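Before anything else, here's the structure in question.
When the chains are written out, they are named A, B, C and D in that same order, and each has its own residue count from 1.
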Amino acid sequence: MSEQTFRVAVAGASGYAGGEILRLLLGHPHVEIGALTAHSSVGDTLADHQPHLWPLADRVLQDTTVEVLAGHDVVFLALPHGHSHALAAQLPAETVVIDCGADHRLTDPAAWERFYGGEHPGSWPYGMPELPGAREQLRGARRIAVPGCYPTAASLAMAPALAAGLVDPEVVVVAASGTSGAGKSLKPHLLGSEVMGSMSPYGVGGLHRHTPEMQQNLGAAAGGPVTVSFTPMLAPMSRGILATVSAPVRPGVDVAQVRAAYEKAYGDEPFVHLLAEGRWPSTAAVAGANTLLLQVAVDEAAGRLIVVSAVDNLTKGTGGAAVQCLNLALGLPETTGLGTVGLAP
Amino acid sequence: MSEQTFRVAVAGASGYAGGEILRLLLGHPHVEIGALTAHSSVGDTLADHQPHLWPLADRVLQDTTVEVLAGHDVVFLALPHGHSHALAAQLPAETVVIDCGADHRLTDPAAWERFYGGEHPGSWPYGMPELPGAREQLRGARRIAVPGCYPTAASLAMAPALAAGLVDPEVVVVAASGTSGAGKSLKPHLLGSEVMGSMSPYGVGGLHRHTPEMQQNLGAAAGGPVTVSFTPMLAPMSRGILATVSAPVRPGVDVAQVRAAYEKAYGDEPFVHLLAEGRWPSTAAVAGANTLLLQVAVDEAAGRLIVVSAVDNLTKGTGGAAVQCLNLALGLPETTGLGTVGLAP
Amino acid sequence: MSEQTFRVAVAGASGYAGGEILRLLLGHPHVEIGALTAHSSVGDTLADHQPHLWPLADRVLQDTTVEVLAGHDVVFLALPHGHSHALAAQLPAETVVIDCGADHRLTDPAAWERFYGGEHPGSWPYGMPELPGAREQLRGARRIAVPGCYPTAASLAMAPALAAGLVDPEVVVVAASGTSGAGKSLKPHLLGSEVMGSMSPYGVGGLHRHTPEMQQNLGAAAGGPVTVSFTPMLAPMSRGILATVSAPVRPGVDVAQVRAAYEKAYGDEPFVHLLAEGRWPSTAAVAGANTLLLQVAVDEAAGRLIVVSAVDNLTKGTGGAAVQCLNLALGLPETTGLGTVGLAP
Amino acid sequence: MSEQTFRVAVAGASGYAGGEILRLLLGHPHVEIGALTAHSSVGDTLADHQPHLWPLADRVLQDTTVEVLAGHDVVFLALPHGHSHALAAQLPAETVVIDCGADHRLTDPAAWERFYGGEHPGSWPYGMPELPGAREQLRGARRIAVPGCYPTAASLAMAPALAAGLVDPEVVVVAASGTSGAGKSLKPHLLGSEVMGSMSPYGVGGLHRHTPEMQQNLGAAAGGPVTVSFTPMLAPMSRGILATVSAPVRPGVDVAQVRAAYEKAYGDEPFVHLLAEGRWPSTAAVAGANTLLLQVAVDEAAGRLIVVSAVDNLTKGTGGAAVQCLNLALGLPETTGLGTVGLAP
């Protein structure tokens, strides 16, 4: 299969997630980049929206329709929430559809309704192969829901501890994200003048839509209900999430036990890496890489396990995970076209 | 008294805290800037270290000795930890000594020994006038310990809730700081190339020396022991701390009760301000201002009160608080020479 | 007069220039802040647009009409270009109108037409007191045109050398600006995600509208025509302009002659300062200050004088200059309410 | 040859240039990473200095000696200036030695002496294949001098215009660089607190050591002497150079002629790209890419050609050029292991 080339379309090519997918596809040896589609930017060239993708500068953005997307082996959907479901329903069943939006992530209709509203569009295989049992569902899948960026950082940080029964299921997540996590959205608070030199929170008090996705993943790991208090912050950087995830540690648990649980969970993973003792992750270390780095600490005085994870929200947090899923869906080596080392300094 | 001028020395004038004190003193109507001292930079001009303070460019840095500092009405000590105690002991009792270091903040010798080591140098009136009972001890004081920057952000954020019995005394603090909080320290991880575009944690697991100071303040507010899990992060900005401080909310407590407690605590404070509902603080809004802005939320699903506070680590977090203490010590209006509005955008 | 209070309105209070004027007015001892007006944001509170100006949070933005602005001693106009002229024409002649827009800066109708188009609205006294003869026209003036930010950085950098005949009148300006210079404009290239970590040019080849304003100022200094090649760049910071301004140095001119010319021009100026030899300006050193710092060098091998100037585009480049003009117009000490030291680090 | 693997050593692996070379080598299919050496960090692991290169975390830094470097097919030297010459002289003649330092860039002993001092170490084939005649000298070469970062940005920007006789040989270069260009050097002005939110110049007036290298390249293109006025600026970003390079345009030359000259020079180059009309380069568009993007404009009023180029100082400006040279030296396809698209946003 290694000589085969797959034809790939990207819907939402003018946005940040679409741009990141294209950046990675330009370095993928088994992919031919087909249709690029948009919504309000139809007719523009890609250079109007993604100047860094200069080898594709003259590509014209087409409308996001079934007709345009048909005839590709793989279709990436990098669309605003709520647009994927109807579109995917009309694409052939044998087309690999990889949705970077939220439409098909949640399995619980009640959670969907509470955080998104409207009818639950159902769930697809969840594109986080590092969770127990997930990889098997992704091999050969034809519909895949790529996880949210914050849930990637938070879920992989605490799932092993919950699965091993090392902590109580009361998780506190405080995570700082680069501004690209908010998309290429023309809102005043996302202007460079506003964000440089400044940090600010948003969605405080359980309002962020990524909260139920964390609960779903961590609840599955714990084998029972988990509470998640999630506070996101906007940080003065373009890319990256640094998540501090903590929970009450159970009596007698020491850091060696914790490390053993994480080594067991991730020791063979190509993209999730527990750092050596004494080293802590940074977002620079994973910039543009499909890697999540993490470290653990037990605070005995406060009685908590603290896990800190770093991920690039656009790479392992979205576009890189999407390409990882493409590899699994098509039976390619899982690491094809994906770097593991960040652009630092 | 408003016509009087006080002669002020700054020890540690080459560093960030010293520079911030001088920036504020240049706009203070009742101050004459006297001796500026340093350690390894003795003989340099101030322009060598603080190019923004160009009106003082030709001032020569003197050695940090009792002889040089004597003869001033006020002496600010902006020295590395451990240097203030011996020096202050030799200064006249009537000199106002305002210490920006940690030497005299902790009242508990055991906490001192655990986090700093060596003999406990004793404690001085604590320069956070917004804590209950603190202002009275600062009026006319001749020795003042300026609080740490993180403890300012965290203590003022959660003290009212603990004092009012609205939360359990198990506090989780996750706070991002600008790099100036680490001082003008020539360490590789503080280079611009390393910090721009990157976030990273440090001192995870209860290791940061500001932890016992938070415990002291919050324990006093709660009237009993408090656990504090504190995770600091280095953020890609020069100034500012954004602290997310949370605790389990007690049954039946709603956000109106919480707001009432904070309004009662801070309604008359010139420098601590609870924002209107729906608004959240940012560090840009307090850049260079002696102001702490905060907001509260109750997450019912997770059962937690979340308070987010923003402060400039160098201003309200150090140099501004120091000048506020000078005003209190000298009987000047508390707001003299201190702005409340940040430099934004 | 020092006890008098003037009532001041700000038209365009939701934007960056308006916000900067308000930040400075909050610290001005002889000003009462009256009407705040806007256009598309009428009815919003100031907190919706200027969260750092929290003491004015509840002020409601009114419509920008003559009726609302009448009855103030001073009216600041911080409006998009082309909106000031008609409005000012209807305000009473005795009202001090200080226009931060471009409408009344250019004296040459042909230059106006080429760069702005439409009928030339005429010119007002030009608010750069440091140019020869300018201050006298500003004292007691009732209509003042505040200079553009780039022209401030470039004109004050090269005017003394041209006036003294030290260089040929062929000036090359390359200047980097913080993003606030582009206003609070919802354009994709101004998003934080785009500007952080990136520099880019714009208006290359003489297209920027500030070019004729530089030519006007520098031509007046030279006493004859001057060519200006101007290349602006967007830099990853909120505030500040760093301008590199060079011209062919005339034979035999050495750096001592150059320094003498600049000392003569600016030695008594409170807000323009030639640094000591060997020191170079930075934008941080003037952040939020109404100060322009500059330094000169003669490159004998290349035969050029190079002057580098730093200014905060929003302060000395706009809002600070506007308040400086208010002081001159009202007969107040020119430095009232204006700091000279930047917020660094 | 495509199946062959070459053993490569990196001297100076703890610095930014060494780290960038290693980042690229990790993705190079024909390379095996051998000895990593350092100076003051001997005995440390690579994780102590390059945390983003986590797959090499446990590699121990060895001393930079001939013994350690011998036995490799390729040796990269990423050392402070002045250290390469003696070391290279002792390495076998058949070893490919690629020097990222300045020792062997200048052909003119007088220029060497004026800017570096001491005896001229001689010159090696110059690793800028895009200059006329350069590529042929690099194929199969065993000693290569990698160009400086600023000279890369400036020389490729103006060489075609000079070669085609479109401009006078009086070049003005004003270039902003990210802080990594200054190396991992523990100097106060490189601290994050100092550089974030700030721009500043340095080496003004022809003092920067990259000036003679620009003169050498541009003089060769012009076929005669060229003056270069070079002003570098430190910009608040980790990576990237944006260079504005201008010269007096000769009478009658229009932009179409200019574009034709650049298309002819670079039309077949994989790593140098003239953008379509109306598009301008940014450093984000080339972050981490071995690409130089440029655009041209003719300012008729000012009589100048302005060329703006963007390059990543660590990639096409150093480490990427070094790997490009490795490919040429070893007879591999020139683009092996090198991406052309920047990490944006």
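By our rule, contacts are C-beta pairs under 8 Å (C-beta built on N, C-alpha and C of every residue); 3 or more make two chains touch, one makes a residue touch a chain.
A quick note: this is a predicted structure, and the numbers were derived from the prediction, not measured.
S.K.: Report back the single chain whose CA centre is most distant from the CA centre of subunit D.
M.R.: Farthest from subunit D by mean C-alpha position: B.
S.K.: In terms of C-beta pairs in contact, which of B-D and A-B ranks higher?
M.R.: A-B
S.K.: Please compute the C-alpha centroid of subunit B, do the same for subunit D, then give the distance between them in whole Å.
M.R.: Centres of subunit B and subunit D (C-alpha means) sit 45 Å apart.
S.K.: Using mean C-alpha positions as chain centres, tell me how far subunit A is from subunit B in Å, no decimals.
M.R.: 37
S.K.: For subunit C, give me the residues that contact two or more of the other chains.
M.R.: Residues 16, 180, 184, 191, 193-194, 196-197, 236-239, 282, 284-285, 287, 344-345 of subunit C touch two or more partner chains.
S.K.: Which subunit D residues qualify as touching subunit A in the complex?
M.R.: Listed in rising order, the residues of subunit D that touch subunit A are 16, 19, 23, 26-27, 47, 50-55, 57, 180, 184, 196-197, 238-239, 273, 275-276, 279, 282, 284-288, 291, 293, 339-345.
S.K.: Residue numbers of subunit C touching subunit D in their complex, please.
M.R.: Per the stated touch rule, the residues are 170, 172, 174, 176, 191, 193-194, 196-202, 204-206, 227-231, 233, 235-240, 242, 244, 246, 280-285, 287, 295, 297-304, 306, 308, 310, 344-345.
S.K.: Per the contact definition, I'd like the list of subunit B residues that touch subunit D in the complex.
M.R.: Residues 16, 49, 178-180, 184-188, 190-197, 236-238.
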